[in-house]
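To keep things simple, chains are lettered A, B, C, D and E as they appear, and every chain counts its residues starting from 1.
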Amino acid sequence: MTKMIWYVLSPLIALVVGILLMGLSRKLLARIHWRVGPPILQPVIDLIRFLSQKSASHGFLFDSGLILSLAGSLVLTLFLPLGQYTPMSGSGGLLVILYVMLLGPLGIAFSSGGAANPYASIGISRKLMLAMGYELPLLLIVLTVMTGYRTISIVEVVRIQQAQGWAIATFPLLLSALAYILILPAILGMRPFEVVGAAQEISSGPVVEFGGPHLALSTLQHALTTYIGLSLFVNLMLGGGSNPVFFLLKMLVVFVLCLCVHAVFPRFRVDQAIRYLWRWPALVAMAGLVLTVLMGG
Amino acid sequence: MTFLNEYAFYIGAFGLILIGLLTILLRHHLIKLIIGLSIMETGINLFLIAIGYISRGTAPIFPVDGGAGTVMVDPVPQALVLTAIVIGVAVLAMALGMAIRLHGHYGTLDMRRIKELKW
Amino acid sequence: MTGVEIILAAAFAGALLTWFIGRTSSTAGSAFAVAVLLALTALVALLHGRVYETVFYRGFLGLPMSLRTDSLSWFFAMATTVLAALSGIFSLSYMKDRKNTGFFNTMLLLVNAAMLGVVFSGDLLSFFIFWEIMSWSTFLLISFNRGQGVNAGLKYIVMSLVGSMAMLVGIGWLLGAFGTLNIARLSELIPSASGGHQLVLLLLFGIAFGIKNAVMPLHTWLPDAYTEAPSPFTAVLSGMLTRMGIFGFLLILYVMAGAARVLHSPGSTVPTYNVVLAWLGAVTIVVPTFIAMLQNDAKRLLAWHGIGQGGYMILGMAFGTGMGLAGGIFHTLNHAIYIVLLFMSVGAVQHRTGGVRDLNSLGGLARKMPVAFIGALMGISGLIGVPLTNGFVSKWMIYRTLILGGAPFLAFAALIGSWGTILSVYKFLHNVFLGQLPSKYENVRSSPVSMKIPILVLSFAILLFGILPGLPLKVIDGIVVSFGLPSLDVSLWGIASEAGTLNTVNLFAALAVGVLVVLAFVRILGRSERVGQDSNYSAGCGVPRDRYNYTARYYDPLFRMISPYLKDFFSTLYDGLARGIGSLCEAVRMIYTGYVSSYVMYILLFISAMIFIHLTWNPW
Amino acid sequence: MDRNQLVKWLESPAKMGHKYSLHAVYFCTGCGIIEVPPSITARWDAERFGVLPSASPRHANLFLITGYVSVKTLRAIIQTYDQMPEPKYAVGFGSCPINGGMYWDSYNTIKHLDKYIPIDGWIAGCMPRPEAIFVAVTHLWTLIDKDMADGYKRYRKHYAAYRANQEKALPGLDWPPLFPLEGSE
Amino acid sequence: MVNPVLLLAVPMGLAFTVPVIERITGRVSRWVPVAAMLFNLVLCVRLIPAVLEGPVIVQLGGFVPPFGINLYVGPLGLFFAGLIALAGLVISVYSLTYIRTGPLARYHMLYILLLVGATGVALTGDLFNLFVFFEILCISSYALVAYNGDRAGLESSVKYLIQGSVGSSMLLVGIGMLYGIFGTLNMADIARSVGMVDQGVLFVPLIFMLGGLGVEAAIFPMNAWLPDAHSSAPSSISAVLSGIAIEVGLYAVARMVFTVFGISDLFLFLAFLGVLTLLIGEMCAFAQSNIKRMLAYSSIGQIGLILFALAVASGVTVTGGLFQFVNHTFSKGLLFLSAGYLIYRSGSMEISSLQGMGRRMPLTSLAFTVGSFSLVGLPPFAGFPGKFLIVRGALERGGTVIVVLTGLVLLCTILEGAYFFRVVQALYFREGISGGSGERAPAAAAVAMILLMMLILALGAYPQFAETFLRSAASDLMGAVEHVGSVL
């Protein structure tokens, strides 16, 4: 029965946490800028406003892509351990997670492709290029973890870490964790990798045509993406959590760290971003994989 | 000297063949080439005859009385040579005929200039 | 006559009859061709579960030619006929207003018949004969479109001949060594051959099958051929014909060399061969996938993916555990389904836009051609391996095998290939169907019914096999078991094995609920009004439609980085080789100078050289 | 958050949402834009009021026209306003949009912006300081509370007249009417 | 039993009646070659059962071998006679309409004489007779090459004549030497006593004969006449020359090497020579843009292939080589015949000018396609069994050198494929000038081409039929001892 509850609870917690993190980020960013900043619940106010507005739709694809994207992100939260709870632990493990992670960006991509806005197209092309950039090290990292622990199940990964110590604290995986930290801002879409939704150049990119409820959905999706990115890192590298509270605390710490980077950096051009991502993080991650294989992982 | 005596025909024959071949190789004029062919054929005919020749043999005709003891040259090469001569003449005639026609087309019989078909 | 013989006879007779019917009326010919293909599908379906071998012809040089059917043959034959039938239906309207429809139909049927012959042949001689018929009829079809197709066809047939000749040597050697070409007999005899001999044999056959399957250094024929062939035939070519290479590899590695040898004898050369093959497969995944990103021609882009996806099959098959093998075979089927679908969608677009397939000049056709768009969407989803499409399941199986089999680098190649795929196929989808609709395509009509049917059927198949992968996997499990490998734990919804399970129905249910929740949420709260594509924010200016389509140089920043490294090195190499041979030939023919004395000199030189050699060294 | 606010939130969340989430499109038509960067950065920090610059009119509900409006920019202004989702508020910033300001006799400047799109409020001055923006925002809050910020409703109601004015100022208007012209006046 | 002499006597007699008949009625004379070849064909078929039991030896003039001149009709000889008759028949049907201008009677007479010469070479058991028949063949072909009387024809004919005469002379020298050594000209007799003579001595006449016959057989350094002659002769004559004349030359070489001399030391060298010929031929053909010249070079290549097959000298390869003889006769015949009308209609021999002919002349283009597919060795055409047998036999035979040579042979096949497919593409898949319809080949040519196509297909689908006969022919060729036994 408790298991069934978590089928509902996981996505809800993810949503709430994601939105709160967004609010936190705005507040924290303001404080770092020496501003007062909005209330921490400002994203909720925004969401209420979006939902009460009337939006323009560019057709079926425009709507359905967004829905698919949000649904995909919601489903993904079911695969990620939240503390000791993982609603869908037996459906394919990390490989499925990697692939379901695609649904979010792809849905947005279809949707904004359907909008026929050139800014959106540019944003999507940047998003995909950036994804290509960080997926290369990310895949190496995930493979290292899977090879190191000899399992493709994320639940197993968390269990083994809780028994044997965090991945970030064991030697070859340390490198992977390092690489992961280096690419985490890119996964979360933060500066210096904020090339996708570059408001100043391409009018916030993929979401340019979303208004009203559409924008609300995409904001929710963004919140979920943040949650998922952090959750994956915590689960893979920081040993997950023995219960949800610890888990969320770890997420918070990681997020604040990322935020500090976000606050003080300008951003890369997309090619600079890829060049960076394919150089240092990929090298470190590759070193981690090679060492893991050599050490008989 | 005995060598010469014994092989005179062969030397002559191959000499003629070589002369013919050299003519073919070194001359450019079609008529001269044909002449070379003729010389070569003559040489070959001589060679064939020489094979069947026995020193001081008589013509290979069996006299009525059986002619025991008479040494005759081998008749077969002579038969061959007859055929070969006929063939040679046929080829020669044909070659000359064609040379005339060729001259009509090219206005020359210099084989260095009749080189449209190559490669 | 047994079932297989009837099928083959019907296939070849059908091809012949199509020609004669097509002479009288091209419409009747096309209809007849489709009827034959459908009938063949039914006949092949009837063959399910039968395993036997029958000698059908003794008249060839004293070697009995036989046909054989088992689960492997049936699986490939079924896929072949179904896809050919769908392509046939598709071609009904595609070829309608073109010249030489009769020829096209005949050749399509002939190719299909030859492919059936290849999969059903019970000895290597008939295998080779059908293989060659397949090759030359393919050549004629690739050249069919004229223009660049002529060069593509020539490239194809020359490379194909290289493969065939290698295979011929292999067959000749087998015949010399064992005195039989029967596959069943050979599978008993080959293990007794020495390792070196086996390696040579595998190399020779590997060249043939590698060329057909476009494994990386031997792939250069494929992009041109796929691009230039008529779209319905490109579908057949990409779907099953190219994958006859996979069938061949399965035949030599698992049927003839034997799975037990492939997997469990560390000393022999076969496993090494496997490893090399697997690495080739990995290279074949990565490089073509990235090259595909650079393409601006819809069919060419898909063609490069055809190469890349072939790498997955090779990888899964060569790695060789039960699940990898099943994944490889399943991927063959899945790839066939979605690539056929994609080429059909492109074909439909070409049909309606007047042959345009340049990605930079299309756009926004999703509104005009919804069915083609659905086809393309499902197709690229399968190609990427989006969960709940068929491609996901087979890729999952391959990844799992590689990761748990201790080959993370191969797995990395496979995974990064998938991510590269996303980029290029999204570009394909976006530039053809999404974005602004150029005004010249304002009046494009939806695709004709005979194109819609196969597209919808295949789209459905992608979802069906993605949600219930057990349907085909049961058959594939039978194949794996017949190779002597342990059975997989297949259920209708996926795979439950010792480490890591896959449950697609679960996933489907979750996603469906997710979509429903979001949909309900949106329905309650959302009120939106439709606006046209002109109502787009572009800094407050109106959208000048034809100049405002962001399609050209879609991934330019990335290209500037990677394109210097993505030269198709082997293509250049082979072209250079061909040019070199050409100039060598030009040089060689200079010995015929045209000067008669030199000719005579050759004769005399020959004679005198021989005599000289004889007198000097006396070698004879 | 005091009790009053909470009651208001519960009564009409949409209205409160609009009040405290004013995402603004700054239309940089003239010199007025110079005052906007200080207002949104650390010195004055508009975000504490929930005012946030927005990149796309689709996201925004506040339209700030900062400076004189030439005939050329009028096109863009009208289109941008049309693309904003309702409810939406337009505010004229500085004297130029009000009556042409120092460009009152220019042949190429739009003198009365509210003939072309409905304006919910004006900020007078040449230039108004950033504080004036915040005053305007608080005024807008009051108007929203009292349902008086109804420019978008007026636009819909009198669309025919607005459209006629727009067509007069912009010969060869090339986009279709936003609303059906028959129903409006 | 019918007397095999009729195979020679009747056509020769008919040949000389042609001018007479032409005097009487001009319309019948062109049917004479058809009749002659039909007669030969029927005769060959009737001879098959007898020959399969044992070779038929015919003594001319009543002298017993080795003293008299004899005909030796073994399976091999009969096979060649039959092949010549069949090909001759088909090509003479083609000539009915193809040859329209010029001295028609002489054409038909020379045509029959050429075939008689070829048949004689195939059947004779006597070295000098071999020479004579060879000369008949050569002289008639010199004349026929120049039949059109144009620049190219005459030039090539003269060159052919010079080289051919030199070759014949070499042959004659060789024969003379042999006679000097053995004192006999009967092949069987020579074969019997070949073991008693020092091999070194034997070698010189062999070289001379190889050189002489090599000219006619177009083996590599001696084949320069071939591309000229084949490309400038009328197409029907090209077909005969390619399909029959050079094959007969090769047959004579094989006869010398296998039956008469039986020197197995030379085989490897001949295999080399074969592959070299093949390489040179295919490479030159690859570089051609003139279609008839390309076909001519391709003939060189095929001769090389067959020489290689014969020189590997295992039962299978020799059978394969003989099969390839058949295939080459039919395919190259078909190619030349179809090319003849293609050239006739397009007015040029350049491949580029044949573009789009597939639409204008469907049947002729189809014939060309079938011929080229068959020649490349694609199943289900006749070329495949031959090539398969050769590869199979060569690999069975083993040995590094042979395997490498086999690899080269297959490489050449690829080259061959490349240039033939190029032409096929030009015919069908390149846009050419769109001419009017109704440019079909005339009925006689169509009949000839369809006949050849059906033969090619039948042979490709059911090679067993020919193979049984060819296997006995192959053992006839290789079994020198049996040969001697049966003749003497």
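Everything below uses one rule, namely that contacts are C-beta pairs under 8 Å (C-beta built on N, C-alpha and C of every residue); 3 or more make two chains touch, one makes a residue touch a chain.
Here the structure is a predicted model, which means the values were calculated and not measured.
Student: Leaving out chain C, what pieces does the complex fall into?
Tutor: Groups left after taking chain C out of consideration (others unmoved): A, D | B, E.
Student: Which chains, if any, touch chain A and chain B both?
Tutor: Looking at chain B and chain A together, the chains touching each of them are C.
Student: By label order, what chains touch chain B and chain C together?
Tutor: Expected: E.
Student: By C-alpha centroids, what is the most central chain here?
Tutor: Per-chain C-alpha centroids ranked by distance to the global centroid put C first.
Student: Averaging each chain's C-alpha atoms to get its centre, pick out the one most distant from chain C.
Tutor: Looking at centroid distances, B is the chain farthest away.
Student: Between A-C and C-D, which chain pair is linked by the larger number of C-beta contacts?
Tutor: Top pair by contacting C-beta pairs is A-C.
Student: So, comparing C-alpha centroids, which chain is the farthest one from chain A?
Tutor: B
Student: Taking each chain's centre as the mean position of its Cα atoms, how many Å separate chain D from chain E?
Tutor: Taking the average C-alpha coordinate of chain D and of chain E, the gap between them is 96 Å.
Student: So, what's the distance in Å between the C-alpha centres of chain D and chain C?
Tutor: Going by mean C-alpha positions, chain C sits 59 Å from chain D.
Student: Counting only Cα atoms for the centres, state how far chain C is from chain E in Å.
Tutor: A distance of 43 Å separates the two centres.
Student: With chain centres defined as C-alpha means, what is the inter-centre distance between chain B and chain E in Å?
Tutor: 28
Student: Please list all residues of chain E that touch 2 or more other chains.
Tutor: Touching at least two other chains: 158-159, 162, 166, 227, 284, 287.
Student: Would you mind listing the residues of chain A that make contact with two or more other chains?
Tutor: Expected reply: 51, 54-56, 119, 203, 208-209, 212.
Student: Please output the residue numbers of chain C that touch at least 2 other chains, ranges allowed.
Tutor: Residues 535, 537, 539, 589, 592, 596, 600, 604.
Student: Tell me, which pairs of chains are in touch?
Tutor: Per the contact definition above, the touching pairs are A-C, A-D, B-C, B-E, C-D, C-E.
Student: Using the touch definition from the top, list the residues of chain C that touch chain E in their complex.
Tutor: 58-62, 125, 128-129, 132-133, 135-136, 139-140, 143-144, 146, 149-150, 153-154, 157-158, 161-162, 165-166, 168-169, 171-173, 175-176, 581-582, 584-586, 588-589, 591-592, 596, 598-600, 602-607, 610-611, 614, 618-620
Student: Residues of chain C touching chain D in their complex?
Tutor: Against chain D, the touching part of chain C is residues 534-535, 537, 539-542.
Student: In their shared complex, at which residues does chain A touch chain D?
Tutor: Going by the criterion above, the answer is residues 26, 30, 33-38, 42, 45-46, 48-49, 51-56, 119, 199-200, 203-204, 207-212, 215.
Student: Sort out for me which residues of chain E touch chain C in the complex.
Tutor: Listed in rising order, the residues of chain E that touch chain C are 158-159, 162-163, 166-167, 170, 199-200, 203-204, 207-208, 210-211, 214-215, 221-222, 224-225, 227, 263, 265-266, 269, 280, 283-284, 286-288, 297, 373, 376, 378-380, 384-385, 387-389, 391-392, 394-396, 398, 406-407, 410-411, 413-415, 417-418, 421-422, 425, 428-431, 461-465, 467.
Student: Which stretch or stretches of chain D touch chain C in the complex?
Tutor: The contact residues of chain D facing chain C are 27, 56-58, 75-77, 79-80, 82-83, 174-175.
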